[in-house]
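Naming follows writing order (A, B, C and D), and every chain is counted from residue 1.
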Amino acid sequence: MELGMEQAWLLPAITGGTFAFLLLFGKYLPRGGDFLAVGAGVATFVVFLFILTDLLDVPRESLPIGKGWDWVSFEGLEIRLGFEVDEITIVMLAVVTFVGSLIVLYSTGYMRGDPRYGWFFTVLMLFITSMLTLVLADNLLLLYAAWEGVGICSFLLIGFWHERRSAAEAAKKAFITTRIGDVGLLIGIILFWRATGTFDISEIIEAAEHGEGLLGDGTYLTLATLLLFAGAAGKSAQFPLHVWLPDAMEGPTPVSALIHAATMVVAGVYLVSRMMPVFAAADPIALDVVTALGFITVFISAAIGLVQTDIKRVVAYSTINSLGLMFIALGSLSVTAAMLYLLTHGFFKALLFMASGSVIHATEEQEVSKLGGLIKKMPITGWTFAIGALAMAGLAPLSGYWAKDEILVALEHEQNIILLALASFSVFITAIYMGRIFYLAFLGEPRDHHVHDRAHESPPVMTMPLVVLTALTLVSGFIVFSGVGEALGFDGGFGEFVYFEEPEVFHFDWIIGIGSLIAVIAGLAAVPYFWGGTGERAHAVAQQFPWAYKLVKNKFYMDEIYQVFLDRVVFVLSGILAWFDRNVVNDTGVDGSAMITRLAGYRAKFVQTGQLPNYAFAIAFGVIMLAVIAFAVEF
Amino acid sequence: MTIEEVIFYVLATGAGLGGVGVVLSRNVVYSALALILSLMSVAGIFILLSAEFLALVQILVYGGAVTIIILFAMMLTRVRDMPRAMNGPQWPLAAAVASVFMAVSTIAAVSSQWPGDTENPTVIPLRTLGDSLFRQWSVPFEVASLVLVVALIGAIVLAGREEGE
Amino acid sequence: MIADNPWLDALIRLLAAVALMTFSSLTLIYLERKFIGRIQMRLGPMRVGPYGTLQSIADAIKLVSKEDLRPHTADRWVFELAPYVVFIPSFLTFVSLPFTADWFVRNFELGLFYILAVSGVSVVGVVMAGWGSDNRYALLGGVRAAAQLISYEVPLILAMLGAVMIAESMDLIDIVNGQGRVPYIVWQPLGFLIFFIAALAELYRNPFDIPVAETEVVGGPFIEYSGIRWGMFFLAEYTTLLILSVLASLVFLGGWNWPLGNEAGIGLQLVWIVLKTSFMIMLFFWARATFPRLRIDQLMSFSWQVLLPLSFLQIVINGLVKVYNWPDIVLLLSSGGATALALYFIYASVQRMQEPYPQRFTTVMTRKEPVG
Amino acid sequence: MIPLQHFLVLSGVLFSLGIYGVLARRHAVLILMSVELMLQAVNINMIAFAVYFDPEAFVGLIFAIFIITIAAAEVGLALAIVLRIFRNRATANVDEVNIMKW
C-alpha cells in the first residue's frame, strides 16, 4: 500500500489505538507505557512526512484528497465520515505531529515520578487523536466531535493535579468558558446544515460562495459565520472568552506547551482559515468583528503581560497576544500570514513553555520575583528561552519576525493605517514584556538564593526537544522566501503554498520591515532601563498611573465582571428555572404521573388473585375467544 | 366400515375415555392410569397415521418414563392424604370454556375446505425421516438435546435435598 | 406364510408364541432350580417326575388351584389389573422376536426399538402392583423397582444402539445377517457387558434384586399376590428372561449364524439359536447364584455414573468409526479397553465394599456430645 | 383409509379435555397430566397434517418429535418444581400456593 494522503486516517488511528491500549493495559506496562506513547508520536510524524511528500506530487487543483465512509445513512439524513488533506491541514499536521512528538518525549522527563504518570500519557494520546481528527475532518460534524474531544482532554489535563483546588477550578473554568463558544459553534453548524443539508465542508463553502438557498440570505450567512467564529474565539481564547487560558497554566507545563500554545488553542484559527471562503462571502462585518476582537485581545493581553510576575502566565498572555495577531491576519483575509504565524508560533511558543517548564522543574518556582540570574545555572534552558522570547518579540531574522511581518503587510494591503499603527505599537509592547520576563528570570542578580541554589540544568530528554525547537525557531521563518521553499521541494515560498484566492509571492516591504524592527529593538532596549537593578523605574511608572496599574494588574476585572454577571443574571435565572423544574416539572409532572400510576395499580391489584387457575382461565378464555372470532370471521 | 376404521374407533375411544378419566377421576392414581391408557391409544393412532417411529417413541418416553415419574411425584407428594376436593371452584367455567373449544374445533375440522387430499395419507419412510432429522433439522435437534440436559440438571438441582433438609 | 388366510396365519403364529412362552417359562423355572442347586452343591428338585422334571407342572397346577386373595384395603382395579400390565408387554415383545431367519410372528423394520419400547411399559404394572396392594413393603418395592428399571433402561438401550449403529438397521433379521462371520460381541464387548449388567437389573436378579429382596421388602410389589395372579408375574419374569437372552444372542452373539458359514439350514439355525440363548440364560442363572445384593444408592450411582458414560463413550467411538471409515479394529480395541476399564471399576468397588465403613459414617456414630 | 377429519376431531376432543383439566383441577400433578393430554392432541394434529398434506417436508412429524422431547424435559422440570413446592409448603394444590398475590 502506498502511504499517502488517502491513508491520512492512519494518523488518528495510530494514536487512538495507542490510547485504547494504554487505557486498558497501561497499568500493566513498565513505566506506564510511556514508550508506546512516544512511539505513537514518532509514528504519526513519519506518516505525516509520507503524506507531505505525497501532497507535493499532487497539483493543487485536485486538492483536497481524502477518504470517506458512510457514517449515518437513512432517509433524509446522510452523513459521511471522512478525512482529507490540503495545505492548511498539512501546516496543522506539521505542528501537531512534530511538536506533539517532542512534547510527549519531553513529558517523559518532566512528569517523572508523578503518581498518575501513565494516565498522563493516556490522555495525551487521546488529545493527539482528537486533534488529528479535528484537523483532518472533512465535515463539520466530525470536526465538532473532535473539537469537543480536545476540549475534554484539555479539561482532564488542566485538572491533572485535581487535588489542588486551583487546578480543579481552572479546569472547570476552561471547560465552561470554551463551552460558551462551543454552543455558538454547534448552532452555527446546525444553521449551515439547515441551509445546505450537508455537513461537508467543501460543499458548504461552495454553497456559501454561490449563495445557494438560505445561504443567499446575507444576514443568515453572517449570523451563521459569526456563530462559527464564537466557537473559534472560545477555543482560541479571544476577548471576551480569553479568561480561561491564563488559569489553564495550572496544568502540567507540557500540557500548556502542547494544548494551550501549539495546538488546541490554534484550532480556532484553523477553523476560521478553513471556513475563510465563507467569511469572505458573508457580510464584511463578520471579518470586521474578527479583526476588532483580535485587536482588543492583543492589547488587553499585552497590557496584562506587562505586569504579571508568574513566568508561565506571562507566556500564556503572550499566547493570547499571538492568537489575537492571527485573528487580525484572518480579519484581513490573509490565511497565509495566519498560518505562517501559526506554524512558527507553534515552534517558539512550545519552546517558551518548555523552557519555562524546565525552569519550574529545576527550581519548583514560577514567580519571577524569586528567580533571576538563572542563565549561569541553566545555560541551555536560558539561551533557548532567550531565542524563543526574541522570536516572540519579533526580532529579525528569527521566525517570529517574518510571520509578524506578513501580518503587518496584510494590514497594509487593507489600506488601514490606524490598524497598522496599532499593530506596530502592539509589537513594541510585546517586545517589552517578553524582554522583561527573560530579563527578570535569567539575568541580573539572584533574588532568592534558596531557589537559586536548587536550580540545575534539566535532563537531556527535556533539553533535547528545546534544542530542536530552538533550531526550528531560528530557521523556520525563512520558508517565506521562494528559494527556500523550492529547495525544500515546495512550489515556492510559504505564500505560494498556503493562500486564500491568490498565491502571494513574498517581497520584503522595507518600510514596514525596518519599522517593526525598530519597534522591537526599542522595546527590548526599554527593558533594562525600566527593570534594571531593583526595578525602581518600573515602580515609578506604576505609581504615576495608579488607576491604570490597578486595572491592568487585575486583568481589567474580567473575572470579577463575569462573577457579577453570574451572580446577578445567571443564578437568578437558574433559580427561576430550578423553581419551575422542582414545582411544575417534578412535583406536578413526574410525581403526579407516578401518583396516577400508583393509584391505578392500587385499584387494579385486586385483579391479581395469585391463584394459578384464575390466570390459566384468563389465558384460555382469551385464546378461545380469539378462536371463536376467527371462526366467525371465516364463516 | 373398514378394519382400519374399526381400529381407529377403538383407539379413539381409548384415548377419549383415558382423557375423560384424567380430568374427571376422583382418584389421582386412576387419573394417572387413565393417562397411560390415553397415551398408549394415541400411540396406536400414530401407527394408524403410519408414523410407527413416533408411536414407539411415544411408548418409550411416555409409557416407560413420563408416567412413571408422574406416579413417583404423586407418591412423594402424598397424594392420598390430600383433601377430597379434586376440582377448584372454577370448574363450571372451565367446563364451559372446554365445551366451547370442543364445539369450535369440531365444527372447524368438519366444515373446513382442506387444501389437499383428506382421504389418503402418505407413508413417510423411516430413512427419509431420519435423514431429514439429522441433516435439515440437525441444529434444532441439538438444541433440543441441550434443552433436555439443562432441564434435567435443573430438575436435579430443584428436587435434590439441600443441606439440613 | 404358514396359512393362506392372513388372519389365520397371524393367529397360528400368536398361538405358537403363547405356547412357547408358557413352555419355556416352565422349563426355565425347573432349569434354574436345578442349576442353582448344582452350584450350591444340592440336587435341586428331584421328586416329581424323573429328576424332578415335572416339578414346574406341579407348581403351575398348585398356583392355578390356589385361592386368589386380595387385601380388602387394596385398590381393587389397580390391584387386579397390575399383573396384566406386566404380562402383556412381555407377551407383545414376542411378536417381533425372530428365532430363525423364517420363524417369527411379524418382523418390523423397527423391531429392536419395538422390543425395547414395549418392554419398558411393564414398569407401570410393577408400580401399580406396589401401590395397589396398600402395603408398605409393596409400595417400597414398587418405588424401588420403578427407579431401578428406569435407570437401567437407559444404558440397556444405549448398549443396543451401539450394535444398531454398526448394523445400520433396527431390523433384527438385518442385524443378525450383518454378523455373518464375526458376531458383534467381538466389536462391542463393552456393549455386551453393559447389556448384560442392565439386563440383570431389568430382571431383578442378583446383584440387583433390591426391589424384591425378601430380607428387606419381603418380596416387594408382589407380596400380596397369590394364585394365578402371582403366577402371571412369575411367567412374565421368565418370559422377559427368555426375551433378553434371545435378544442378546441375536444382537451380540450372531443369532442363528455361526462363524463358519451363514447359509445354515433351519435345523442348524435352531441349534445355534438355542445354544446361544441357553448360554445367555446360564449366565443369568450363574449371576443370580453368585453375586451378593447391592445397596440402592450403589445401584443408582453405578447406572448413572459408570454405565451411562461408558455407553455414551461406546456410541461416540462407533460414530467416529462409521463417519470416518476407520478400520473395525478400532472398535475392538477401544471397546475392549473400555470393557477392561469397566471391569476394573467393578472390581475396585467390590474391593471398596469390603473395607470398613468410611470415616464419615463412623464419626457420626461416635460423636461425643456433652450431655445436659 | 381414514379421513383426516376423524383425527382432527379426536385431537379437538383431547385438547378440550386437557383445557378442562388444567382449569378445573387443583393438584399440580393433575394439571401437568392435563397438559400432557393437550400436547398429545397437538401431536396428533401435527402428524396428521404432515402425512396428509406435507409428505415432502413432513415438518409436522419433525415437530412432533421435538414436542415429545420438550414435553419430557417439561415434565421432569415441572415435577421437580412441584416437589420443591410441596416440601416448602406441604401442599401441591395450586390454589393454596398464592404467595404472588398482592
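The definition used in the following text is that a contact is a pair of C-beta atoms (placed from the backbone, for glycine too) under 8 Å apart; a residue touches a chain by one contact, two chains touch by 3 or more.
Quick caveat, the model's predicted, so the values are computed rather than measured.
**Student:** Could you tell me between which two chains the number of C-beta pairs in contact is largest?
**Tutor:** B-D
**Student:** Calculate how many whole Å lie between the centre of chain B and the centre of chain D, each centre taken as the average of the chain's C-alpha atoms.
**Tutor:** 6
**Student:** CA centre of chain A versus CA centre of chain B: separation in Å?
**Tutor:** Centre-to-centre distance between chain A and chain B: 76 Å.
**Student:** As a quick test, compute the distance in whole Å between the mean CA positions of chain A and chain C.
**Tutor:** About 89 Å, centre to centre.
**Student:** What whole-number Å value describes the gap between the mean CA coordinates of chain A and chain D?
**Tutor:** Centre separation, chain A to chain D: 71 Å.
**Student:** On chain C, where are the residues touching two or more other chains?
**Tutor:** Within chain C, no residue contacts more than one other chain.
**Student:** Can you list every residue of chain A that touches 2 or more other chains, as numbers and ranges?
**Tutor:** Where chain A meets two or more other chains at a single residue, that happens at 611, 613, 617, 620, 624.
**Student:** Among all residues of chain D, which ones touch two or more of the remaining chains?
**Tutor:** Touching at least two other chains: 19, 22-24, 26, 94-95.
**Student:** Would you mind giving me the full set of chain pairs in touch?
**Tutor:** Between chains, contact exists in these pairs: A-B, A-D, B-C, B-D.
**Student:** Spell out the part of chain B that touches chain A in their complex, as residue ranges.
**Tutor:** Checking each residue of chain B against chain A gives 88, 90, 93-94, 97, 100-101, 104-105, 107-108, 111.
**Student:** Show which residues of chain A lie in contact with chain D when the two form their complex.
**Tutor:** 605-606, 608-613, 616-617, 620, 624
**Student:** Which of the residues in chain B end up touching chain C in this complex?
**Tutor:** Against chain C, the touching part of chain B is residues 27, 29-30, 33, 36, 40, 52-53, 56-57, 59-60, 63-65, 67-69, 71-72, 75, 126.
**Student:** Over in the complex, which chain A residues touch chain B? Could you list them?
**Tutor:** 611, 613-614, 617, 620-621, 624, 627-628, 631, 635
**Student:** Can you check the complex and tell me which residues of chain D touch chain B?
**Tutor:** 1-27, 29-30, 32-34, 36-37, 40, 43-44, 47-48, 50-53, 55, 57-58, 61-62, 64-66, 68-77, 79-84, 86-87, 91-95
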